[in-house]
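Each remark here refers to the structure printed beneath this line.
Chain naming follows the written order as A, B, C and D, and within any one chain the residues start at number 1.
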Amino acid sequence: MSTRPYGRLRRQTNELFNPKTGGRIGHYIDWFIMSLIAANVAAVILETVDALGTAYADFFYWFELFSVVVFSIEYIARIWSAVDDSEYQGPITGRLKFASRPLLIIDLLAILPFYLTIGGVQGELRFLRALRLVRLFRLLKLARYSSAMQAFGAVIRQKKEKLVIAVFANGLLLVIASSVMYYIEHQHQPEAFSSIPAAFWWGVATLTTVGYGDVHPITPLGKFVGAIVAVLGIGLFALPASILASGFIEQAAAAGDDDGPTYCPHCGEKLE
Amino acid sequence: MSTRPYGRLRRQTNELFNPKTGGRIGHYIDWFIMSLIAANVAAVILETVDALGTAYADFFYWFELFSVVVFSIEYIARIWSAVDDSEYQGPITGRLKFASRPLLIIDLLAILPFYLTIGGVQGELRFLRALRLVRLFRLLKLARYSSAMQAFGAVIRQKKEKLVIAVFANGLLLVIASSVMYYIEHQHQPEAFSSIPAAFWWGVATLTTVGYGDVHPITPLGKFVGAIVAVLGIGLFALPASILASGFIEQAAAAGDDDGPTYCPHCGEKLE
Amino acid sequence: MSTRPYGRLRRQTNELFNPKTGGRIGHYIDWFIMSLIAANVAAVILETVDALGTAYADFFYWFELFSVVVFSIEYIARIWSAVDDSEYQGPITGRLKFASRPLLIIDLLAILPFYLTIGGVQGELRFLRALRLVRLFRLLKLARYSSAMQAFGAVIRQKKEKLVIAVFANGLLLVIASSVMYYIEHQHQPEAFSSIPAAFWWGVATLTTVGYGDVHPITPLGKFVGAIVAVLGIGLFALPASILASGFIEQAAAAGDDDGPTYCPHCGEKLE
Amino acid sequence: MSTRPYGRLRRQTNELFNPKTGGRIGHYIDWFIMSLIAANVAAVILETVDALGTAYADFFYWFELFSVVVFSIEYIARIWSAVDDSEYQGPITGRLKFASRPLLIIDLLAILPFYLTIGGVQGELRFLRALRLVRLFRLLKLARYSSAMQAFGAVIRQKKEKLVIAVFANGLLLVIASSVMYYIEHQHQPEAFSSIPAAFWWGVATLTTVGYGDVHPITPLGKFVGAIVAVLGIGLFALPASILASGFIEQAAAAGDDDGPTYCPHCGEKLE
C-alpha cells in the first residue's frame, strides 16, 4: 500500500465507501447521498406541478446541476479508488471491471442523461423530456444502501420457481379469458373490444379486480363469462402475493431473525 | 394511607379506575363510559344527517353537554386520585406526570374542544366545525378498555421491520408507476394527469385495486403500462396484509393462546 | 319400544332421519330433499326473469305447492317421530323441545310463509313479495346435510376472538375515514357526501377496494386522504380473510385430516 | 424388438417423444413445438387487430397451414410409434387406447378444426369464426411440457375438499346477496336489477371487489345491504386463494423441495 499523500487519500476514499471501514464519516456520506436522492425524486415530481414548475424553474435547474455535480464526484471517486480493493487491481482493467458492476452502471445512468442534454446531443424536445424521467432511476441508487430492497430481491430469487408457475397460470387465464370475451362482445362493442389485445385491457382490469368500469361486457353471455373470469381471477391473481408473503415468513425463520421481542397480545407488554 | 374521609374516598376512587381492584362497581363504570363513547360517536354521525340534525338539534346539544360533564368528572377524578398510586406521588408533580401519559392526553383532547368553543375562543365557523370532528377522538378513549386494540398495536410493533420493507417497496412502485404514466398520458389527458402528484391518484386507485374509474389511461401504451402496474400492485400491496396476518398467527402461538377449544371440522362439535 | 304397527312405523321414521341409522333409503331421502331445495332456489331465481315468470307461471305455482307439501310432510314426520329419541321423550313436551331446535325452526320458516299467504293473512302485495324472498331461507335447510357449512361454522367459532379484533379495527377505520372525508368533501359534493352515514358508502367501497366509482373525492385534500384510506384498507380489510384461512389450515392439521393423498408437484402423480 | 429399418425408425421415434430417452434431439423437438404453440397463440391474438389482420392476411394463412402440417405430423408420429411402448401393444387396439389419452385428444382437437373447415364442412361464417377460437386450445398442448401446470393440478386435487367448501359458501352468499338486492332495488332500477340472474352481475362485481360501477344500489337500504355484502365478500372470496396458497406451501414442504438455496435477507447472498 502506497504511503504517499496521493495513495493515502485514495485508500481513505476507498475505505469511506466501504460500509465496514467507512466509520462515522462514511455513514454521514451515505445519509447525505440518500437524502439527495430522495430530494431529487421529490424535485422531479414537484417540477411537473405547473404552479411550482414555472415559479421555481431556476431553483429546480440549480438543484439539478448541484445534484449532478455531487453524483459525478461520487461516481469518479468510487471508480478512482476502486483499485485499492484487491479484487479490482490494475489501473485500467481493474477500474473497467469495477465500472461494469450493476450498481456502478446505475450510478452512471443517473448522471449520463444530464451530460447528453448539455454535451451536444441536440435531440427533439420529446427525447429531452424522456431523459427527465430517467432521473427517477436515481431511486435505484438507493439499492446500495437499502437492505430492505436486498431482502426483497432474495425472496424473489428463492421463490422464483413458484412465482413462475403462478405468473404462467395467470397469463394463460388472461389470454383465454380475453380471447373468449373478444369473440362474445366484439359485435356488440366493436370499439371497446376491437381486437384481442384490446380485450386484454378488460381482462387485466377484471382479473386484478381493479375494475375501472370503462370496459365491461354488456351481453348476457359476456356477463356470465365475465363473472366466472372475475371469480377465477381472485383465486389465481392472489397467488403471487401469497407466495411472496410465505417467502418473507420462511426467510425470517431461516435467518433466526425472530422479529425482535414478542409482545403480549393482551396487554401489549414485552414478553421475556 | 390516609384514613380520613377525604383520603378514603380518593383511595376508593383510585381503586375503582384500576381494573384489578375496581370490582363490580368499577366494571359497571367502565361499561357506562364505553357505552357513552359509542353513543357519542353515533351522535356525531347522526347529527350530520340533515333531517335528524335539525329536528333533534336540542337533544344533540344537551347530550353533548351531558357527555362532556361526565368525561370531565372522569378526567378530574382520575387526575385527583392518581397520587394514591405509588408511581405518581406528590400532589403537583405526581399528577402532572400522570396527566402526561398518552391515555390521559386523549382524555383531555376528548373534552378540551368543548371548553374552547364556549370558553371565549371566538374562532371562525370553519374552525368550530373542525372541532366537532375532534369529538370523534373520543373513540380513542376506547383504547384503555380494548385489549383488541392493544393486541393490534403489539403485532404492528413486532412486524415493524417487515412492514417498513413492504411499505417502502410499495411507495417505490407508486412513485415510478405514477411518474411513467404521467409522461405517457399527460399530453392526451392534460386534466386527469396534470402533474405527477395528480397521477398518484390514479396510481393509488390502481395499485390498491380500488379502481374508481374516474382516471384511467386511454392510450395503448398507457393501457399496456397500466396493466403491468395493476398486476404488480396485487403482488406488492397485499404484502402488508399478509405480514400483519402472519403476526397475529405467530403471536397466538407464542402466547400459548390456542384460540380456545378446537371444533371438529365435520360435525362442529367441540374436540377434547 | 312399542311393537305395534304405529309404534314401529314411528321408530322406523325416526331412524330414517338419523344419518347413522337411515341406511340406503334414508340416504335417498336426504338426496331428494337436498335436490328439492336446490330446485326451489332455482325456481325463486328464474321466476324473477320476466319472460320465464309469465310463461311458466302455472308451473312455478304447482312446483311451489308440491315443494311445500313435501317439506310439510318432512317437518311433521320429524316432529312426530322425535319422541323415539331418548332426548325428547313425552308426547307434548318432548316434541316442543325438539321443535325449538334451530334446524327445526328453519324447517318451519321454510314452509310457514306459504300457509300465511293462503291461510287468511290478507296483507299488502309488498308484504307478499317479501314472503317470496323468505323462500330462499330454504337454502338454510341444507345446513343439516352439509358438513362443509358446519366446518365453516366451527372455524368461525374457533377464531371468534381474532375476528372480533379485526372487525372492530375495520369498523373504527371506516367510521374515522368516512367522517374525515365527509368534513373535507361535504361542501364540494353536497349530494354524494350529504352526511356521515352517506359517506359510509364511499368508505366501504374504498376500504373493500370494490370502488364502484359513483362516489369519490374530487378535492386534492380529499384525494390525498382517500389514497391513504385505500392503502390502509388493504392491510386491515384483508385480515378477516387471512384469519379464516389460517383457521381452516389449523383445523385440518388438528383433526389429523391430511387432505387425502399428496401429489407430486412435478408429475402430478400420487405420492405413497 | 424389430431390427428392420421400419421397426428401428418407429422405435427411435417413440424414444424421441419420451422425455427419458429423447436425448438432445428430443429436447430440441420439444422446444420447437412449444415455440410453435406460443407463436400460434400470438398469431390468433394479433390476427384480430384490424391493421395487422388485413395487411398480413396471407402470412397468417400460410403460418396456420404450416402449423397444422407440423402438428399433424407430430400427432401421426406419436400414434404410429405408440406400439413400441409395452403399455400400448397391438397395431389397432394399442393405438386406439393411446389415442384416447387426454393429452392425445387435446392434440387432435388442436388440428381437427382446420380439417373441418377445408374438408367439406360448409357451415355458417359464425361457426367458422368459433373454430378459430378453438385454435387457442393449442395452448393446452403445453400441458405435456409444463411441470408447472401439473403442480397446479396436483394442488387443486389435494385441496379439493376445502375448495369445494369455499366455493359452496361463496355461491350461497352470492345467491342470497343478489336475491335480497333484487327485491330492494328492482322497483328503483328496473333495468339494472330486472331479475335475480341480472342481479348476479352486481353480486359478482361486488363480492369479487371488481366493482365496474355499471350497476350499484342507489337506495339507502340497498347501499346498506351492499356495504355488508362487500365486507362479507372480502372474507369469503379470498378463501380459495388462501387455500391454494397453503396447498403450494405444504406441497413444497412435503416433496422436500426446499426452494433451492436460501438467501440472506440482509445482504442477498446465498446461505450455505
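Following the convention adopted for this analysis, a residue touches a chain if its C-beta (ideal position, glycine included) is under 8 Å from a C-beta of that chain, and two chains touch if they have at least 3 such contacts.
Here the structure is a predicted model, which means the values were calculated and not measured.
Judged by shared residue numbers over all numbers used at their interface, chain C and chain D contact each other through mostly different positions, with under half in common. Farthest chain from chain A, judged by C-alpha centroids: C. Its C-alpha atoms fitted onto chain D, chain A is found rotated by 90°, rounded in steps of 5.
Distance between chain centres (mean CA atoms), chain C to chain D: 32 Å. Centre-to-centre spacing of chain A and chain C amounts to 45 Å, using the average Cα coordinate of each chain. Contact of a single residue of chain B with at least two other chains is seen at positions 151, 205, 209-213, 238, 242, 252.
For chain D in complex with chain C, the touching residues are 147, 150-151, 153-155, 157-162, 164-165, 168-169, 172, 175-176, 179-180, 182-183, 186, 194-197, 205-206, 209-213, 216, 223, 226-227, 230-231, 233-236, 238-239, 242-243, 246-247, 250-252, 254-255, 257. By the touch criterion stated above, chain B contacts chain D in their complex at residues 209-213. Looking at the complex, you find that chain D touches chain A at residues 41, 44-46, 48-50, 129-130, 133, 136, 139, 146, 148-149, 151-152, 170, 200-201, 204-205, 208-214, 237-238, 240-242, 244-245, 248-249, 252, 259-268, 271.
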